[in-house]
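To start, the structure itself, in structure tokens.
As written, the chains take the letters A, B and C, and residue 1 is the first residue of each chain.
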């Protein structure tokens, strides 16, 4: 395990450095910085997708909505009711975790032996249900949300002015990445999660219930989605029903696929690659005549990876 | 002229040499047996013959034509029919539907014509149905035509599969363990059926078979494979008394005995 | 990897004397005169509802009935992919949208007659489906579902934003054709197109193409051994689905007399999937009913609760959200509890109407029993 981790970590660093060098050389450092930060958000969504896929082979199309409900909860509790920010965030994340747990209990478990495509359709149904409830109980029109740190650009990266909120996102993501890396490499629970997909019986023998672990994984995936939602919505400045599904689900999946669907560091790096590619497509003058260049770029990226390197950039053949 | 010629075919999967330089031939109207212990490469050889595997080297000729690079369905069109060890049928469909599905190339109309509903296709469908029913009659499946395949007993499934393969109108029949799951009595009866079918449908047969008495009863020529290689060939009696063949089978049995007595 | 039938029982793998008859043969059931009359009355009543009710309703309502008919075409299109080939499409709103914009463009910008526009919508729909089908030969199962999702989003954000072709955010007018300018006449026109689609779907499944698709879905190796070119038939199914979807899209455009890109979003794609699965995969009547249901549910919801559902303490549920609130619930119910969908429920009625007994059991002497329609589980 450690050798695999370090190997993929090395490869990922190499890819990231290569990308950065190429972009700085071509002068699109603005696109690069924005792309990295957006991409880190995609990476967070991708982490949740990979965790669930590794443990149960499910493509979770509800992952985006786990995050959107957190935004709605935060907005309700903080902006409307006036609960202070930190407790409000805890409540919002709890809502995400609760939704993930309910999904696991009500939808995933009854379909445990069903074909994986049925589960995919079911999670897509969960996503649509969440969107419809947001439309119904919230409102269809976008809501505006204030970044926690205001809109000032006090810092810069690679000579690019970056808003404080983006900086906060970046810092939070770096801390989160380190915490997750430690969790998965140092704690028994983390190791058990990584082991459950490979050796369900052995995990059971270690005294860890696969069922309990499944609940825990879904809770964790809900938490990651919630964090992604709370961090990215203020950067966008507004949100509407289906926010994280429409902005991050496909990029998140593409990131996970780039990482081979099984690698956590791969998914995170995949997110940054997707973010940068998308940001480049949107800002590059060459693509200005193409409407929706970002989604075209992601579609093409997804097709290329799946046909040329289905095991992902970091996986072995 | 040989109907089927396999010339020095080899294939490797990762580190496993599944077939090494396998050559065999089947003349017109012959029944050729392929025997060998488990994992000897018999089904691999079948998969090379029918096109599921491309050999790394070697060639397959069918009726004098090099078919090494043809797709599975193209080989079916040339007159090659094949059964599977684990029964190759559309399990959710009925017996009749399977016999109809197998007549894909006999339909005489294009899928588009069928879809649009050209008048000729209705008559063609009636013809296909009559042929399916007749075939079912020959194989004693007349009462089961509207029964779903999934629930049928194994022995009946094998017979339905044989019917389906015959429905493709083959000249060469490749049977992968046609008597698996049968007792010695039934296997003997199957031998008689096979000889009759050969006469009725003008068939050349290559079959993977474990029942030695059946092989002796019907086969004109026998190949024995072991570890992906040809171990021996000749008349059934010659192969049966070949010391290497005996050793290969004994070795396996000895291993099986050892495994069974070992604590697991 | 693909959607296919879940067998009720696994084959017993044991040596069995092959002379054992599986079921005792009884003479096939035929209804008496009264039975046939009863069946005739029921069919006439259904026909009367479909043909006559719209004549006594207002234009607004007829417009919605027409949409139900068009949704049925779209449902049958998706059923070809989901049901017959087992490939899931989460980008079907793009299939439909491409048909809608093609037809609107042909009529409004090119000044072509309606039939030419519809024909072109079907051709373009077929071609784009062919391309996606070629992708499905290399990328399968969950990953293909992902590709279709990204494809739908790309179409929504990019393709449908090309000002010259779609009118951009302003949209494109799509007037009703000559002779069919009233809502009622247009309804009958769409009904005629639905009949044609049902006919093609029925003949497809009754002839070699449909049998080949069933074999390919369940076991490609067996299908190939039976002489089926697996690739060609997979592509054929995509083209058929694309042509149906193109037709549905074009009819939808002219029903609304205007196409806007915002209609073809991810939610619509999911509603299409839901109506097909809830209707019952591989069950033609079930799919038609399921599709019509989801097209009509918003309107009748409004009728029933006049302006929305008032639950004390909770906000009013407006009619336009009814399909996407009710849909996912029905979907989850169908998947977890009732995999056959509506199609399974109506099976006894169908059997009875065709002259069989009113029974939900498949018996081998039942003239209406046929394979591939009983259980419509979605499986990998």
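By definition in this document, contacts are C-beta pairs under 8 Å (C-beta built on N, C-alpha and C of every residue); 3 or more make two chains touch, one makes a residue touch a chain.
Here the structure is a predicted model, which is why all the values come from computation and not from measurement.
If you sketch which chains touch which, the chains link end to end in a single open path, with no loop closing it.
Among the chains in view, C has its Cα centre nearest the centre of the complete protein Cα set. When chain centres are set by their Cα atoms, the one at the greatest distance from subunit A is B. Distance from the subunit B centre to the subunit C centre is 40 Å, each centre being the mean of its Cα atoms. With each centre defined as the average position of its C-alpha atoms, the distance from subunit A to subunit B rounds to 51 Å.
Separating the CA-averaged centres of subunit A and subunit C is a span of 33 Å. Against subunit A, the residues of subunit C that register as touching in their complex are 2-3, 86, 88, 90, 135, 138-139, 141-143, 145-147, 149-151, 153-154, 156-159, 161-162, 266-267, 270-271, 273-274, 277, 314-315, 317-318, 321, 324-325, 327-329, 331-332, 335-337, 377-380. Within the complex formed with subunit C, the subunit B residues making contact are 50-52, 71-73, 76-77, 81-82, 84, 87-94, 97, 100-105, 107, 109, 111-112, 114-117, 121, 125, 140, 143-144, 146-157, 159, 164-165, 168, 181-183, 186. Of all residues in subunit C, only 4-5, 7-18, 20-23, 25, 199-200, 203-204, 206-212, 214-215, 218-219, 221-230, 233, 236, 240, 362, 364-366, 369-372, 374 touch subunit B in the complex they form.
Within the complex, the subunit A residues that touch subunit C are 59, 61, 106-107, 110-111, 114-118, 120-122, 124-129, 131-133, 135-137, 242, 245-246, 249-250, 253-254, 257, 290-296, 298-299, 302-303, 306-307, 310.
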